[in-house]
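Given below, in the form of structure tokens, are the structures.
Next, two complexes with chain A in common: one pairs it with chain B, the other with chain C.
So, the complex of A and B:
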């Protein structure tokens, strides 16, 4: 194997990585969601979603509806949560005259613009998500917290990513196999 | 080694292509069947709704700093047949009873869920409930929402085995006025 062949192989691998990244970012652009495809990690929405199911999100609607299944983020918690919207309240925030403290990290909301407040619950959980929210938070905000609404569903296919992230041996076995196959591959 | 690897690649790509086409066919044919059944115009009869408003003082019922928070519970009769929502691609149907009402001018629209049920079998899809009690105690974003007029509706969400999720509602609604707080002196007016 000469140097030219190895360089071409390296280029091919870079192409694959780049096109995957482009596909992901393009999808994010089309759906308006920062992470348009998610894998279910917990059983809190069973029997609708099990661990390892793949969900496709859409985030271009101004409001979400009661009954919609949404993915949301909680401040200072890393893992996004997939639960169902149980209540919505459309609220027009008052104009605040009080000066905001510089330490407050809360986002500033435009006065007079309708904001949608949401309460969520996992189908398989006995109570709503209040204990999951940040300290002092009583509702989710459509604009600030929602990553997207679940539109499409493929069962089980995402279990590979759970294996990779949670099982070290599987991760190294897969990496080793990939490396081996690129070394052995010939044009 | 070399040919075995190639063979494995060939077979797996064939399997993946076949799986994509089969799931596409399953999903599309199930939507066609649902539309042929006119699944968006199923009736529901909601009747004999009795609502109770109470004051709650704990965080689990929406109260903050021990301030009283109005909570509402209902009991209702429901007759609906949603077995037309079930076919070969239906994993479950999530049915839920919602109430829509207006608040103060600064809170133009509210919608809350009083009751829900997960149905996984077609045999369980004929709902004939008497004096069914709401699944949750519901509070509003404001402290008080008594004397508001709400419209109750039965809605559903179809969860498929593969494909797109579908949402819709049954025809028929019930107008409800949230009552005064139970046991309060002003309730007699």
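So, the complex of A and C:
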């Protein structure tokens, strides 16, 4: 065993991890979403989505529509939420000009940056999401809060991740099996 | 050199690996100096791509994962593209440059290239290709049962003998 052989072996292991990470980042770049695949954790969107469904997101549209199912993040809360858009408003910012034309009383509008504000609700929840938002927050901002719009899903496949995060015994059983298989595997 | 390790005689892969890993030792005893160009190229490409992935991971943890940050976006774009280009190069290198080459070395400016393979996981025959200088590639096969003892240790003398015999044969053909 020389140094080069050891380096090559280490490299092969590192490459598995790196490829997975870079594939994830590549997917993020293509979809425009920092987290392009998510697992549904709650039953708040039943019967559309169940716990454990895997969702595929797309975040390259300028606006989302009423009726779209989106994934959003709330500031200072870690877990993203999957809910449906109920209402939307587009806010056209006023340009602060000192000299406003005397004849026209209308405010002058900037043509560019239009913000879209959204209200969401879980299909299976009795009320909209206002109580879920951060303290004092009354809407979601399309650009700042939305992780992506749901474009497709695979039912139940993500339940493994729920089992791993929520069930300690499952986690240890899985780790034990992995350990056992490496022990029994022939080189 | 240290003691030889015991090999699982029923695994063709294990037998081949043991022979492959002993090639440098065998050829060193025949006064060949190993050249590491092929393996070093792979190491350089591989380490560079791992460094890129590691760098991106560090940047994400340190400065956040916000795709609206244009600098981060283009950094990511460049990094991911370079990573996959490097991996493509590694693949092409393995397919067209490395192939089954296990040893490259020199003896008095004569280049020797040795490639090894086995047909499948159930045929315990070691297929070896020898090329010395500009000679045509010579192929020879030997059963692993001739190279290993009954309790699973490589018979180094028989192995070196097999290589020596073939190298001498090929050397005569090369100009």
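Note that the second predicted complex is superposed on the first by the 152 of 187 C-alpha atoms of A that agree within 3 Å, B and C clash if a C-alpha of one lies under 4 Å from a C-alpha of the other, contacts with A are read in each partner's own complex, and residues count from 1 in each chain.
In this text, a residue touches a chain if its C-beta (ideal position, glycine included) is under 8 Å from a C-beta of that chain, and two chains touch if they have at least 3 such contacts.
Here the structure is a predicted model, which means the values were calculated and not measured.
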Remark   = Between chain B and chain C, more residues of chain A are touched by B
Query = When the two structures are overlaid on chain A, which partner does A:5 contact: first (chain B), second (chain C), both, or neither?
reply = second
Task = State whether A:92 touches chain B only (first), chain C only (second), both chains, or neither.
result = first
Request  = May I ask you to decide whether A:19 touches chain B, chain C, both, or neither, giving the answer as first, second, both or neither?
outcome  = second
Request  = Examine A:68 and indicate which partner it touches, taking first as chain B and second as chain C; both and neither are also allowed.
outcome  = first
Ask   = Does chain B (first) or chain C (second) touch A:34, or do both, or does neither?
value = second
Message = For A:130 in the superposed arrangement: first (chain B), second (chain C), both or neither?
response = first
Query = Which of the two partners, first being chain B and second being chain C, lies in contact with A:154: first, second, both, or neither?
reply = first
Note = chain B and chain C footprints on chain A meet at residues 186
Message = With touch defined as at the start, can you tell me which chain A residues reach chain C in the complex?
response = 1-2, 4-5, 7-8, 11, 14-15, 18-19, 21-22, 25-26, 28-29, 32-34, 143, 186-187
Remark   = The answer for chain C against chain A in the complex is residues 8, 11, 14, 21, 24, 36, 39-40, 42-43, 46-47, 49-50, 53-54, 56-57, 65-68, 73, 76-77, 79-80, 83-84, 87
Query = What residues on chain B touch chain A, complex-wise?
reply = 1-2, 5, 23, 59-60, 62, 64, 91-92, 94, 96, 98, 103, 106-113, 118, 120, 136, 138, 140-141, 155-157, 159-165, 167
Query = In the complex formed with chain B, which residues of chain A make contact?
reply = 47-48, 65-69, 84, 86-92, 94, 114, 117, 123, 127-128, 130, 138-139, 150-155, 181, 184, 186
